[in-house]
Amino acid sequence: MEPIIVKYVEKPELHDPVLIEGLPGVGNVGKIAAEYLRDKLNAKLMVEIYSKYLPPQVLMKGDGTLYLVRNELWYYRDESGNRDLIILVGDYQGMSSEGQYELSYRVLEIAKEFGVKRIMTLGGYGTGKLADTPRVFGAATNLEIVEEMKEYGVYFSETEPSGGIVGAAGLLLGLGMELFDMQGVCLMGETSGYFSDPRSAYFVLKIVKEYFRLDMDMEDLEFQSNEISELTTQFKEEEKKEAKKEDLGYIG
Amino acid sequence: MEPIIVKYVEKPELHDPVLIEGLPGVGNVGKIAAEYLRDKLNAKLMVEIYSKYLPPQVLMKGDGTLYLVRNELWYYRDESGNRDLIILVGDYQGMSSEGQYELSYRVLEIAKEFGVKRIMTLGGYGTGKLADTPRVFGAATNLEIVEEMKEYGVYFSETEPSGGIVGAAGLLLGLGMELFDMQGVCLMGETSGYFSDPRSAYFVLKIVKEYFRLDMDMEDLEFQSNEISELTTQFKEEEKKEAKKEDLGYIG
Amino acid sequence: MEPIIVKYVEKPELHDPVLIEGLPGVGNVGKIAAEYLRDKLNAKLMVEIYSKYLPPQVLMKGDGTLYLVRNELWYYRDESGNRDLIILVGDYQGMSSEGQYELSYRVLEIAKEFGVKRIMTLGGYGTGKLADTPRVFGAATNLEIVEEMKEYGVYFSETEPSGGIVGAAGLLLGLGMELFDMQGVCLMGETSGYFSDPRSAYFVLKIVKEYFRLDMDMEDLEFQSNEISELTTQFKEEEKKEAKKEDLGYIG
Amino acid sequence: MEPIIVKYVEKPELHDPVLIEGLPGVGNVGKIAAEYLRDKLNAKLMVEIYSKYLPPQVLMKGDGTLYLVRNELWYYRDESGNRDLIILVGDYQGMSSEGQYELSYRVLEIAKEFGVKRIMTLGGYGTGKLADTPRVFGAATNLEIVEEMKEYGVYFSETEPSGGIVGAAGLLLGLGMELFDMQGVCLMGETSGYFSDPRSAYFVLKIVKEYFRLDMDMEDLEFQSNEISELTTQFKEEEKKEAKKEDLGYIG
């Protein structure tokens, strides 16, 4: 069996396309953002990727039928003349170090075929804390992009993320710059990392929208984001009350 | 060494054969069902599969001799003109993600040689509970098969199995539909998952028997199944008594 | 890098040689027996095997120099006209399932070059108990060898070893019989499995000596074996005393 | 994707060069020593190595940009006519047994291209204790080098390191001597193994400096080393006081 099997559903001509990645990861921030993007832009499926580097698993569609776990590339043709997008989503990332490298490399090979020179990877930055307003951290392949992204409110830190970036969000950029002459940035939404975090995804996607000047409805994600905000606020108030009670307890 | 070594014992001409899989797994439901099927139908050994993806192990036959762990294909020629069967059994499934993919893919290649277009995989669905009457859950490659199998009492759920199907029972269908143009269904007998469960296998195999209109004696498996039923009933009564005692204890 | 690198030190003409394996394992029984055999027979080094399936490690010789971990084949030419021996020893077995298969397969390829048709693997059978006189269990590739080895006091059980034989001792026989047309037997000395067990190795090697009618001094191994016997006796008496004390304690 | 990707930045002509390795490991002793050596000698980058055997990770440079984890070879041309040096440093060692072998083998192939016949690997020897003055242990490929290095104060023990040397520091020598006709020595600075240990690195590097008669400023490393010395002294005194208090406690 070929370690990675690529099925082309369509081979569109694309205009200076940017590869946007959002695979499962910390807080599923990248996955939520990229799948929302795909859905709202009515992107079209172009490539399916099956691989022994993914888990040996099928998933249920909900109607009694199943499908093999996969990664997919979807394309969005921008009618207003901006750059087109290729969106990478999937059920899993590669399950081993080798699998991570092989899958990212293969995606870059495909991206190159379609003329990709620029990459934007989306992910979460797990802090273990509930942030009031999640910042979006950045890490870029060169200083020009650092400066460019700062203008969109992306936060570049001297020390964070201290452990670097593990997985596809980092590897696509690392392999891309060293071996494919591509440049790009990773946007990481601050998240506790304890649950799937649409609020963090919302803040990440707002930057994506603004950067690519996309005409995209953000309402649904904003709604989910607000729900998380309320839960966070409630949770923090509970914590404060709890803390007060304990204080009183000591006094009484 | 070839990663997978296939030894053809016989290359029979088969009539529109269906591949039936029953390898070790949750509650060994699939294994028990498939091996019972093989034995009662007097199926004949056609292929032996050795592989470095299986454990580095020999097993004892009971007479002082040993054999290398393996997967096997057995065939059953249906005299009444129905479809023939190819039955996949074995000591183990592949030990790694890669091994799972490679072994399932190789089995599908062999199945294709013999004209297989339809697959039925058998397994257990672990619920952690002792069911009074185990349901048989299904997951199919397309909606026609979902509808067809519902008529045989197979239970299709919108939400279960929530984690999908891991291992050969899922992968043979997933790879089969995407890469080999095969269709099929996975039948999963409800089981606690805590022990080898012939009762669950009995309910799975009853559907297999009816579906293929097999003239097969189910008595031995029914006997084992009844033993499990009695143990389950006893166990549940013990639990009730225990609960009552505790209640009385609180009152007294 | 070649996954397995074979260095031929010498390519002797051998008379109907038997491959004897003794790699590290349960109680190091096989390793102790095979290395003792090699030393006492003044066997000669013929093949060195290096591999990425072994640990990435060098070991110390004790004089400040190091050597790369390896497996080795040594040969013994029997002057009295009996069959010659090829003895497989080493620092480690393969570290993964794949490594186990690949290394055993490669050893069998080499063994075939030198005309090997018969294999005898040596190992320990861990029981978790200190046996008074360790039995030697057997597992053979066919019934003729079972009968033959019974005459030498080898114990063949219907149920043991219940988990089969894991590792090179099993795999050389399993792959040998299925793919290389070789036959043989595994001799497993009963051992607690808690420490390196020269006593178990002594009982295994006594059978090897008798079977091949070797003119071999067993004194050193017998000495180490007696030391273990004494320790075992002491330990068991301590246990009895301890048990008695506790009994008295309850009375008093 | 090639499992190991080698990018030549420069292909210098070198004079009888020695390969010096210092990758991350116990106490990071080798890494600290080799990177200090590279920096103080103003060595020049000659080769970058990317590999799927390294973690799927990018690291941050501190200015908002990232780089793909890698190993690197740097060269130092000795103006006084001594042997030139090739220094191997990196973010990680290979993540698996296979990766360790493949990466070390590849480095040796590259080293051979540039005429390397001699290797010196640097590492830590973890003792779990805070040594007053860390010894430097040695392990060489042959007795001549053992004798030679003793003159520089390297300590060769009959029994240590008892577990041999695991990883690149051992493997480069083991593979080098068996397959590349190279000779060499591993210098291991005694270290607790509980933290990054510049003091142990200092003592290792002092020997390297003396051996190659390098005109190298050791001040910075000596400064860091002294800091560790002071912390060690403080820690030991705290321990003594603590022990005294407890003694008094028992008396009082």
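Letters A, B, C and D mark the chains in the order given here, with residues in each chain numbered from 1 onward.
Following the convention adopted for this analysis, a residue touches a chain if its C-beta (ideal position, glycine included) is under 8 Å from a C-beta of that chain, and two chains touch if they have at least 3 such contacts.
Computed from a prediction, not measured in an experiment: that's the story for all the values here.
When each chain is reduced to the average of its Cα atoms, B sits farthest from subunit D. Of all residue numbers used where subunit C meets subunit D, under half belong to both copies. The two sides are thus made of different residues.
The rotation relating subunit A to subunit D, fitted on Cα atoms, amounts to 90°, rounded to the nearest 5.
Computed centre separation for the pair subunit C/subunit D is 38 angstrom, with centres defined by C-alpha atoms. Centre-to-centre separation between subunit A and subunit C, using Cα means, comes to 54 Å. Touching of two or more other chains is recorded for no residue of subunit B.
Each chain pair that touches appears in this list: A-B, A-D, B-C, C-D. Subunit D contributes residues 94, 97-98, 100-102, 104-106, 138-143, 146, 156-162, 164-168, 170-171, 173-175, 177-179, 186 to its touches with subunit C in the complex. Residues 1, 5, 7, 48, 50-60, 62-69, 95-96 of subunit A are the ones touching subunit B in the complex.
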